[in-house]
Amino acid sequence: MIEFDNVSKNFGDTRVLTGVTGEVNRGEIFTVIGPSGAGKSTLLRLIDLLDVPAGGAIRINGLDIHADKEKSLSVRRMMGMVFQKPAVFNTTVTENVAVGLRFRGVSKSETRKLTEDALAMVGLAGYGERRARTLSGGEMQRVALARAMVIEPEILLLDEPTANLDPVSVAMIEDLVVRINRDLGTTVIFSTHDMYQGQRLAHRIGVLMDGAFAQVGTPREVFTLPASREVARFVGIENIVEGVVVEREDGTAVVDAGGVRVRARSPFPRGERVSLCIRSEEIRIAPAIRGRRVSDGNILPGTVTAVVPRGPFSRVTVDCGFPLSSVLSWKAAEDLDIREGGRVEVVFAAESVHAVRQG
Amino acid sequence: GTTTDPTPVEKQQLRIATTTSLYDTKLLDHLTPIFEEKYNAEVLIVSAGTGKAIEYGQRGDVDVLMVHDRAREDAFLADGYGINRRVFAYNYFVLVGPESDPAGVAGMQPEAAFTAIRETGVAGGSDVVFVSRGDASGTHSKEKAIWKAAGFNYSTDVQGSGDWYQEAGTGMGATLEMANEKEAYTLSDIGTYLAYKGDLDLVTLVDEGDILLNVYCAMQINPAKYPDINTTVAKDWVNFMISDDVQKEIDSFGVDQYGQPLFYAAQDDWEKIGVTEAEVKDPIA
Amino acid sequence: MYEIIEGFLEAARLIVTFDPDVMAIAARSIIISFTATIIATLIAVPLGAAINFGTFPGKKNLVNLIQTLYSLPTVIVGLLIFLLISRVGPFGFLRLLFTPTAMIVAQTVLILPIMTGLTISALSGVDPVIRDTLRSLGATRLQFLVNVLKEARFAILASVAVGFGRAISEVGAAILVGGNIAASSFASSTRVLTTAISLETSMGNISQSIALGIVLLIIALGVNLAITTVQHR
Amino acid sequence: MYEIIEGFLEAARLIVTFDPDVMAIAARSIIISFTATIIATLIAVPLGAAINFGTFPGKKNLVNLIQTLYSLPTVIVGLLIFLLISRVGPFGFLRLLFTPTAMIVAQTVLILPIMTGLTISALSGVDPVIRDTLRSLGATRLQFLVNVLKEARFAILASVAVGFGRAISEVGAAILVGGNIAASSFASSTRVLTTAISLETSMGNISQSIALGIVLLIIALGVNLAITTVQHR
Amino acid sequence: MIEFDNVSKNFGDTRVLTGVTGEVNRGEIFTVIGPSGAGKSTLLRLIDLLDVPAGGAIRINGLDIHADKEKSLSVRRMMGMVFQKPAVFNTTVTENVAVGLRFRGVSKSETRKLTEDALAMVGLAGYGERRARTLSGGEMQRVALARAMVIEPEILLLDEPTANLDPVSVAMIEDLVVRINRDLGTTVIFSTHDMYQGQRLAHRIGVLMDGAFAQVGTPREVFTLPASREVARFVGIENIVEGVVVEREDGTAVVDAGGVRVRARSPFPRGERVSLCIRSEEIRIAPAIRGRRVSDGNILPGTVTAVVPRGPFSRVTVDCGFPLSSVLSWKAAEDLDIREGGRVEVVFAAESVHAVRQG
């Protein structure tokens, strides 16, 4: 439905997008993730016709949206957008939310009703008469959301829409997005720096890096089978180990990583230099039992170098020749009596190791 | 006699351009209601510097021109912009100055007084200053005429001959204010001087001499140049100004306020002021 | 200095007695300057918006030119209009010279540059995100303009205040194209407060001038109170 | 209309021949209006800042009053200054009347309200977070002011442009307190471009007036180019 | 060091802070968490003297900072603040960062050096000459951070400083905050809506709710022993079950929750109405084995009602009379063959249940 065809954009000498190619399907929730300054906002602005690409084209239902100025308004009216730093109009909250409806000539009574509903949806019922300029950061963001959603656009563009919100509000907004997508079939494109959010909501994710999509895929693909070392790092795979394939038999390989041998799922031939990506959640820590051997998985002995709390978990880093991190619940960490300097074994399956060719 | 239908459907408008000094005396304000009543017309008076007033006349933006600058009037008539000039009043310019009279000109003839002022001024040292209108007005023209009569070349001997001679480049009132402030001499029409006298420390030093004569006239703009111009009322106005009633009004105007008249009626003094009898007496046909 | 006190007393007298001459002159001032300000606003606002939001070559030069025209002397404006509408001018056939209409035209021209310039800076002061938000909400050109103006209403109304101030206080153009005529009918007269002040001043009636000046400022105060009320709505 | 073309030709002639009279008048205009603008800026900016950032009772009324004074006719300003500095006035002993200094004073007074008002709106346009950021970075009052002004420099310089435009184009005050004197020495003369234009106009020399008007606008253009350069730095 | 003494603040009729009382110790990292609109920004602004409390006092080293206007500047110069929606000055990036140093009269060369270092610290080396207004959201936030940090304040106030940043940048900034706190002894107060961030960094956390601190404590206290049902919900405890204490023996109690009996750690007497808080991470899911009994823990049979992906985990909700959610790795969920409608057992220890009195 929305097609990016080698879209590029630069500001003066700064090349921001170098060639974004990909597709967003009708009715899909598509998330753009990528480092700060990667061009996420720029891409969304291009879709919303707020800027013009330097090269390439963005097509919606086959129509090059930047080609025909005459159609700009009707294209734009298909879309609603929430900006990264939303601004509110200097009037009441109700008036703010009603603007898009007024533009479309919706009747007064209908507008009142829709506006009230929208405010209730974002948890701001009763805020209608407040002057929007006096709202808190999160409140403003919710007004902006209500404002974009109330017009029931076919395509909803959200630029980090929950960046300023607390978890309870985030959950509420996420629910809302899912509901709108499901109930109204709205196509949603949003950028986020919260990868888990991307994963929670997205049907597919595009990872924007160095001006182009480094990977586009389902959350599962992106999170478990990152296309490159950089994507792996970005989606939070903490363990990335460099090595060379030394042995190979159907689907699995033995990789030499600085003298330590690791079994991994890998399609690469012998001699290929690869990066091994291992999610810390896939790694178990076991008490050190000398001499154990496995044929299929990996058991690497090592020394605990750090124990750091992380949410309801502890993050344990073990030096097995290269550092590997694992995440344990506090309780498990206590049960295993894990402390810095202790000897342990790091256990993970070959399937938990995802190898990518070094770029 | 009246040439205008006494009961027209619509009031005729008469546009008059006049010099500021005449307008500022309020003589015209005094006369217009009478005229309007009599001729069922509406009089619109625009007062401006002499040059500007003549410009209005030349462009046909007014129907009647009232000025007091003989030389330029003649040129205006000669160029065919004006016709039917009638002289309706006169008075005298006065040379005013500080009571101390540093150039010692009190009672002199105008030409001699000017010469004395220039001599002391150019010599410097003393506080002699002469403020000129410097605006090509009727008064300024008269001043230049006096310099010429005294034997000076205006632009070389007077203008630019030192800081004693300053051109105000403004109206008569402002020039008087300035002369007052600078304790300077200046040439003024009598009307404006009397109007300002209360606020001034300046006194009249020279008020006699033929050259000080100030003659006011009214003329019609030539309908040959501007065919759709308002000829009839314009004629009415000029004739009105030289009519006996108005001449009487002119003679007495200002007496109650200043204790002396501001103008003399031209009607019977045509010889004295050097114009033809026709110019003061004959109504336009 | 006593003239100033006299002026105040005289102003009070003129106002409480509803002096008919002064009331007529004041009314004429209000009508003329108000009309000029409204016309200028109707031109300056769309023009300023077009310049601010447009992208075209020479934009910067145009803005500079507009800013330069802030310095346009009223007399020059008066002269140019005079040349256009005087009998022998191209619009002489309209017979506008020495009419209130001519004064409205002149004042409109006079305040157009400053109102356009201030409109441009008012609009350029609107947060770009606000502009993007309006566009993204599907505003038509007109809706966009109306809403940006609403956001900038404080500055826009300030520009109206400046324009009105300059219109009602100027005298050079008013006297050249109006002629400061005190005719017996209201419609034929072109005497406004400023030209009356000039006249009184030239006749040495300083207290009367000051009284008229005070009347003018009272009118301006009323207009500004109205503007402020709208600004803060 | 040929007067306009004549005016342009005359202006060109005056400029290329460096006509000494016109050069002196133009120089005087520049000096007087420039000085007045600088003085007014030095007063209006701190005053505007004090009003904008201060909280005191009657603030809104004060702003209204300032806005009202936009309508102060130049003739009234001229008259008031005249009464103060004329020989019998309270400052008569300074003997300022009919000097360029008096004109500077009058123009300063004339443009103060509008410059103060525009400063207030320039400063009120600065993002409150910018203000908070400056405070939180430990700015002293002066540092705060300087940096807020830097942020608002576009609007502040626009207000300077407006002030200068009004100063160099006004004539009523200049003629009343200056007197349009053409003396043989530069310092004793008070003839500036606008008063000269008035004079030429009253003499019916329309082309000459227009030529002088063009000279004035060329000066204004230069000043505005300078301002724009600073604005965009 | 910083003491909040019953601080209150209202805007017109809106009462935002009703009585904040608490203390931040010197050299501590103190996090303020709380729902959107709770008054986090307001509190930070009060500390930075940008607003005046309606009642109460904020004391730094014993000095009531709002009492003496004369001292405002010196108090403010002790502090650096990053605003929630940071604004940059309309000049270069370098100039932006240098402003605070210039205010303090630091020499040109010193300023240049410090500014460069600060930009490098936030990952913006080489951005110095860019016009700050053209930066991306995240880049601006980092400029604001550099600007506040470069003056090496004694107290650093950060209002959601990483709200607009991607995880890689967030990690960088967090490292920075920790380093500054550790190396320079800077006291850091920051607000965040990312509870995990609070926990990662904070020595202590204050939970701002309804205008006051609902709880102040170490991250562990707040996350495992929330003081109220609301705090529990806010810190992400997904399972909150209402019930009445029906049995009690030293330290543990049996709570009747709508007919289902749950063993819990609880100091409350019989008959007390309590809310039971159970972190989903503490809950295991096991295959249904009828008839199993335990004396100490809880084994509740139930039906799987939902399986939702969440990061590298799946969130599984089981109806055991009331809904209980658990978090499993995808692999575990697959191994256990968990699917909607399936019968399972929910297993958790009595120690994993935290009871709070119903407010």
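Each chain carries a letter (A, B, C, D and E) given by its place in the written order, and its residues are counted from 1.
Keep in mind that, in the parts below, a contact is a pair of C-beta atoms (placed from the backbone, for glycine too) under 8 Å apart; a residue touches a chain by one contact, two chains touch by 3 or more.
Just so we're clear, the structure is a prediction, and the values are computed from it rather than from any experiment.
The chains in contact with subunit C as well as with subunit D are B. Most remote from subunit A, judged by the distance between CA-atom centroids, is B. We define each chain's centre as the mean of its Cα atoms; on that basis subunit C and subunit E are separated by 58 Å.
Inter-chain centre distance (subunit B to subunit D, centres taken as mean C-alpha positions): 36 Å. Contact of a single residue of subunit E with at least two other chains is seen at positions 85. Of all residues in subunit D, those that touch two or more other chains are 176, 201, 206.
Annotation for subunit B: residues 174, 177 touch two or more other chains.
Pairwise, the chains that touch each other are A-C, A-E, B-C, B-D, C-D, D-E. By the touch rule above, subunit C contacts subunit B in their complex via residues 86-88, 97-98, 179-185, 188, 199, 201-204. Across the complex, subunit C meets subunit D through its residues 1, 3-4, 60, 63-65, 67-76, 79-80, 83-84, 89-90, 114, 117-118, 121, 124-125, 154-155, 158, 161-162, 164-166, 168-172, 176, 193-194, 197-198, 201, 206, 209-210, 213, 216-217, 219-221, 223-225, 227-228.
On the side of subunit E, the complex with subunit D involves touching residues 45, 48-50, 73, 76-77, 79-81, 83, 85-87, 89-91, 99-100, 102-104, 144, 147-148, 151, 157. Contact residues on subunit D toward subunit E in their complex (touch as defined above): 127, 129-130, 132-140, 143, 147, 150-151.
Residues 11, 33-37, 41, 84-85, 134-139, 142, 160, 163-170, 193-196, 199-200, 219-220, 223-224, 233-234, 236, 279, 281-282, 308-313, 329, 331, 352 of subunit A are the ones touching subunit E in the complex.
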